[in-house]
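First chain A sits with chain B, and in the next complex the same chain sits with chain C.
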Partner chain A sequence: MAETKQVIVKVKRQASPKDPARWEEFSLQWRPSMNVIICLRDIAENPVTRDGKKTTPISYDSNCLEEICGSCAMLINGKARMACSALVDQLEQPIRIEPLSKFPLVRDLTVDRQFMFESLKRVKAWIPIDGTYNLGEGPRISPEIQEKGYPLSNCISCGSCLEVCPQVNEHNQFVGAAIISQVRLFNMHPTGAMNKSERLKALMGPGGIQECANAQNCVHACPKNIPLTESIAEVNRDVWKQALLGWLTG
Partner chain B sequence: MRQPKIIVVGGGLAGLMATIRVAEAGVPVELFSIVPVKRSHSVCAQGGINAAKNQKGEGDTTDKHFDDTIYGGDFLANQPLVKRMCEAAPGIIDLLDRMGVMFNRTPEGLLDYRRFGGTLYHRTAFAGATTGQQLLYALDEQVRRHEAEDKVKKFESSTFLSAVIDEGRVCRGICAMDLRSMEVKTYAADAVIFATGGIGAIFGRSTNSVVCTGSAQSALFQQGVDYANGEFIQVHPTAIPGEDKLRLMSESARGEGGRVWVPRNPAEKRPPRSIPEAERFYFLEEWYPKYGNLVPRDIATRAIHRIVYQEKLGVDGQAAVYLDVTHIPRETLDRKLEGILEIYEKFLGVDPRVEPMKVFPAMHYTMGGIWVNGEDQATNVPGIYAAGECEYQYHGANRLGANSLVSCIFGGGIAGPAAAQYAKNLEKGAESIPSVVFDAEKKRQEEKNQKLISQDGSENPITIWREFGYIMTEHVTVTRINKNLEMAEAKIRTLQERYKKINLSDRTKWSNQTLNFARELENMLILARVITLGALARNESRGAHYKPDFPDRDDANWLKTTRAKWVNNEIQLAYEPVDISLIRPRARRYDAAK
Partner chain C sequence: MSFTASQPDTSYLLRKLHSFTGILPVGAFLAEHFWSNSSALVSPQRYNDVSQELQTIPFRLAVEWGAIFLPMLFHGGYGIWIWLRGKSNVSDYPWAGNWLYTLQRYTGLIAFAYIGWHLYTERWLTHGRSTYANVAEDMQNPWYLAFFVVGILASSFHLGAGIWNFLCKWGLAATVKAQQAAGRFGAVVGVTFSLVGILIVLSFRFDWHPFSAYLPNK
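Right after this comes the complex of A and B.
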């Protein structure tokens, strides 16, 4: 009989924010095109550690499993990435799985990323339409603008860019690259541009764009390849212009 | 004056649209969702959204959209509301455009349109191949704006358990569980709109997201909300097989010129690109010359099954066919289909711009769902409304591609104001209902949790779910045979017995996902029986429902809506006539122009 290949997975567990963290190791049966989500499901079906101890299924967030909902971001072998597209065959073993560290922990691999959604409120990341009743077509947009805007609007709010940013830490409420890039997106839209200055002002002050120290980790971590550093540079110029204008006009 | 309040359960396209409309009506709204609403399953919709804007000068009209939709649905949909939807669709596109959706554009700066299945017109507006994501974000942003103005309150880590229904059989709110604290609480409301989406998890693996279990629909069914046409399940012809999920490969790949084929020689060993044209079998184009690769999904899916199981022509002898876009210029692929091609590349490590994709059909969508009236998305229980995939109204026996997004937004847009109006008109609101009504429901749900957490058993819920999914996929999807349906139904009952002995392996009371899943599983098993019994009873073939023993549509006996009811803790099937007042049923065929 052929020997069955095993996959060794180490998971950082924490029962609740108040409990201490610990590691558990699991040995799973390898299968083709296995990803980290399948590993976590296998553990849920048979929650026994590698040394035979019974444990609980691992708490984690997941939904679409095709890297478009943004739920399953976690640290896999130290790298912030989506668990669904993390294929076991491409990972060094033992596979180390930890929760994102820059967000409040809920349990095991589940974290609370509400901060990102609150930040979207802060910068008014929307087009302020008059109402949903029929007012005819939207403004014409050139293919060129569309091709710039569409990649920015692919942001899945996974939090990877915040996770890798050295400026996101306990001393700092930096909104992070994803949010700044959303400001660029809405300011680029003909209707959105009417409220450009409001969004730029929201990026001034504590946690605003000036917190960026240009480490450029964000752009490498983004699973959707969003040109985040380009967004930061462009929005930064606009914020300076806005600030200067405010200073000149008193 | 009394201030009414509305609850919306589910934050996909339909739920968000309903929420916006309620907020616009000046009524406070609470929005419940299992996941942060930006992560809802609508993000998975890829290809586009239909509206007869006739922007390619082809003479398209909303009447043609209406006819395509009714014909595509094999005449099972009630017609008047479908007509209204098709008429509203161009306005919906305008609205989304105003909200800032980054739709693809023509050189003139207008919206671009592409072709989709079941129509001969360019009627599908799109944002790359991630249209659902882009539309969901637009509505999510509008809801966030209302939230910032305190018109909307979100509960985004909360699962619906049951409706609170008073002695007069009127809905007065919901009972929900916080998925972190696991606390069970009731929330009063004058009307509740359900927009709880699809039911993919009932089939184990599907193109759906993890949260699409149908648990809410089933819970409502068990509280007396009728469920219609459950047996109509759409299996999408082109998905990438995977163990955790069957990932959708959008119809838009074919809309942009992608071709489906297999080698004519079953023993073919050459790589696909070196197989000459003459030795390729483009079976959809050959069998359906008029629509070709863009026949409706039920037709394409059955054709692929025939190629694989009867003709034994699956690629490499496996359950797979080629979906080929390699002849399309790379620039077009990247501009119009990048999102889906990236999925293929990421999960399979093969570049579909260079190598034909290997795909196979996968459970994708439920045409059936919560019964609603033909007017304003109201269910048979006063105070309960439904919109989106969770209801049955718009797609008949088969949904056309790119019609789901429009039905979500249209249905949500009707449900919102209708529920607000109902709430305003109520003489006595939820505030007048004695607390004992709410307390009793809360107690019932808490007891269920306690029992699950404390019981000792030998069964694992995930193991039951896996077996369950295999049964449903094998017997209750593409080809249905009565004796197999009977066996499947019996097996589900056996699983229901085994379910009574499940052991949760997690008895904690903080973020216990096992407990939540076990609760969903119980509901899934019941809804699966509604689907299976509906399929067993319907002795005809119509749209996605195909029985080789009854290969024809039978209008004399079966031009009727299945309406399942829960009576004395059992499923009862009733039937009602279909409103065919606008288009007379005619034979449905796609080998020639209709």
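Right after this comes the complex of A and C.
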């Protein structure tokens, strides 16, 4: 009987941002350990809808298939999550698959997450180690800082935290939890801390950390279990000290 | 992105001011207000003495406008602006924090409307000289009574959840454990304020003064 078991998948399709969105339903052969990416790949192999109409393969982003590249975040049964770790056996059917709603749509399930990468540039989410001469060894990092930093470094920029945040929407350019958490990571690094105030200042502009309203959805949605609310609180403290006391203390 | 020092954005400063005014002076005033009105639980005379003392403080108008009315107007008005820029998604993601986010907006609006009405009836109409008798008379109207109860519950909830928000947003409760503790503290404040507020209402409604035994025997 296992051979005839079917998986019903509904995909929201849109040929381009200007075209109207429509739903297509597919019936796929069940396989053990099947995930949503396998469903999308099976559709690409045989792009025929449940009622027998020929269609095109679905456009989507994915790469590593092990929740490490961050590219396959999408809405699965209405929730933001990684398609590679969304197992069919654990999902209610028909499985509804939609693109993330907070980023500009490219086609079908492919969205443009450039906003996140621009925000990372805005807060200088890197450690400057290049110079015109040899800068020598950096300072040692205490095991305590290493332990705090490691979970933050797991961020895969998937955008799930932005997707679930009520404060990220078309009215508002809020950079979102992932970027704030990266500010914390690079500010706690002894070399990264050389740009600490620049990062903090970048977060007191439009769409900065003040837009966070503490709904705390980000920390629930994060596939990497990053302590995002802790990061936001810590960075918030650094930012208000910089913003409100900076003119007094320099 | 310039390398040189930039000033915080106006929206940053207004957000921080909004968060701060919720605690000081608005939250502090709610505490003072419940404390003073609790004197009704002792006796009508005690209530009238306390309210007359408050009605005769020096620089009264300046204090009322500067420390109570204007901060409340700003907190409420800017709060509505914040609400309009957010997009609640509690039906998709029904997590506790998300519920608080949504309820914080509705209770804020209810409290704002209630406080406006409350000021109009108990401050403006009586020219700032309300007595126990005025309030007790109003409480006989079931609609007044119901609006009082709703207003007290909304304000207390909003303050309790607001204290949690404040402690998280200013980084005073940063770790997960600290934020949980801040949440419990906020809950205690919310429940305590609700109970005290309802007791005060009952005191006026039923001429009930459970602490009258504190008074010296005449």
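Worth a mention:
Note that in this section the second predicted complex is superposed on the first by the 238 of 250 C-alpha atoms of A that agree within 3 Å, B and C clash if a C-alpha of one lies under 4 Å from a C-alpha of the other, contacts with A are read in each partner's own complex, and residues count from 1 in each chain.
Definition applied: a contact is a pair of C-beta atoms (placed from the backbone, for glycine too) under 8 Å apart; a residue touches a chain by one contact, two chains touch by 3 or more.
These numbers were taken from a predicted model, which means no experiment stands behind them.
Touch criterion not met for A:S27: it reaches neither chain B nor chain C.
Of the two partner chains placed by superposition, only chain C is touched by A:D238; chain B is not. The larger set of touched chain A residues comes from B, when the choice is between chain B and chain C.
When the two structures are aligned on the shared chain, A:Q146 is found in touch with chain B, with no touch to chain C. With both structures placed on the common chain, the touch criterion links A:G78 to chain C but leaves chain B unconnected.
Of the two partner chains placed by superposition, only chain C is touched by A:V164; chain B is not. In the superposition on chain A, A:S59 makes contact with chain B only, not with chain C.
Judged by the touch definition given at the top, the superposed model places A:Q173 against neither chain B nor chain C. Shared contact residues on chain A (touching chain B in one structure, chain C in the other): 121, 124. By the touch rule above, chain A contacts chain B in their complex via residues 15-16, 31, 33-35, 37-38, 41, 44-47, 54, 56-57, 59-71, 84-85, 87, 106-108, 110, 113-114, 117, 120-121, 124-129, 131-132, 134-138, 140-143, 146-147, 149-150, 153-154, 156-157, 186, 189, 191-192. Looking at the complex, you find that chain A touches chain C at residues 78-79, 121-122, 124, 164, 166-167, 169, 171-172, 197-198, 201-202, 204-206, 208, 210-217, 220-221, 227, 229-230, 232-238, 240, 243-244, 246.
Listing the residues of chain C that touch chain A in their complex gives 1, 3, 5-6, 8-9, 11-13, 15-16, 82, 84-89, 92-93, 95, 97-98, 100-101, 164-165, 168-176, 179. Of all the residues in chain B, the ones that touch chain A in their complex are 17, 20-21, 24, 35-36, 38-41, 43-44, 91, 94-95, 97-100, 102-110, 127-128, 130, 133-134, 137-138, 141-142, 144-145, 147-148, 180, 209-211, 242-245, 247-248, 335, 339, 343, 346-349, 413, 460, 462-463, 466, 505-506, 508, 510-514.
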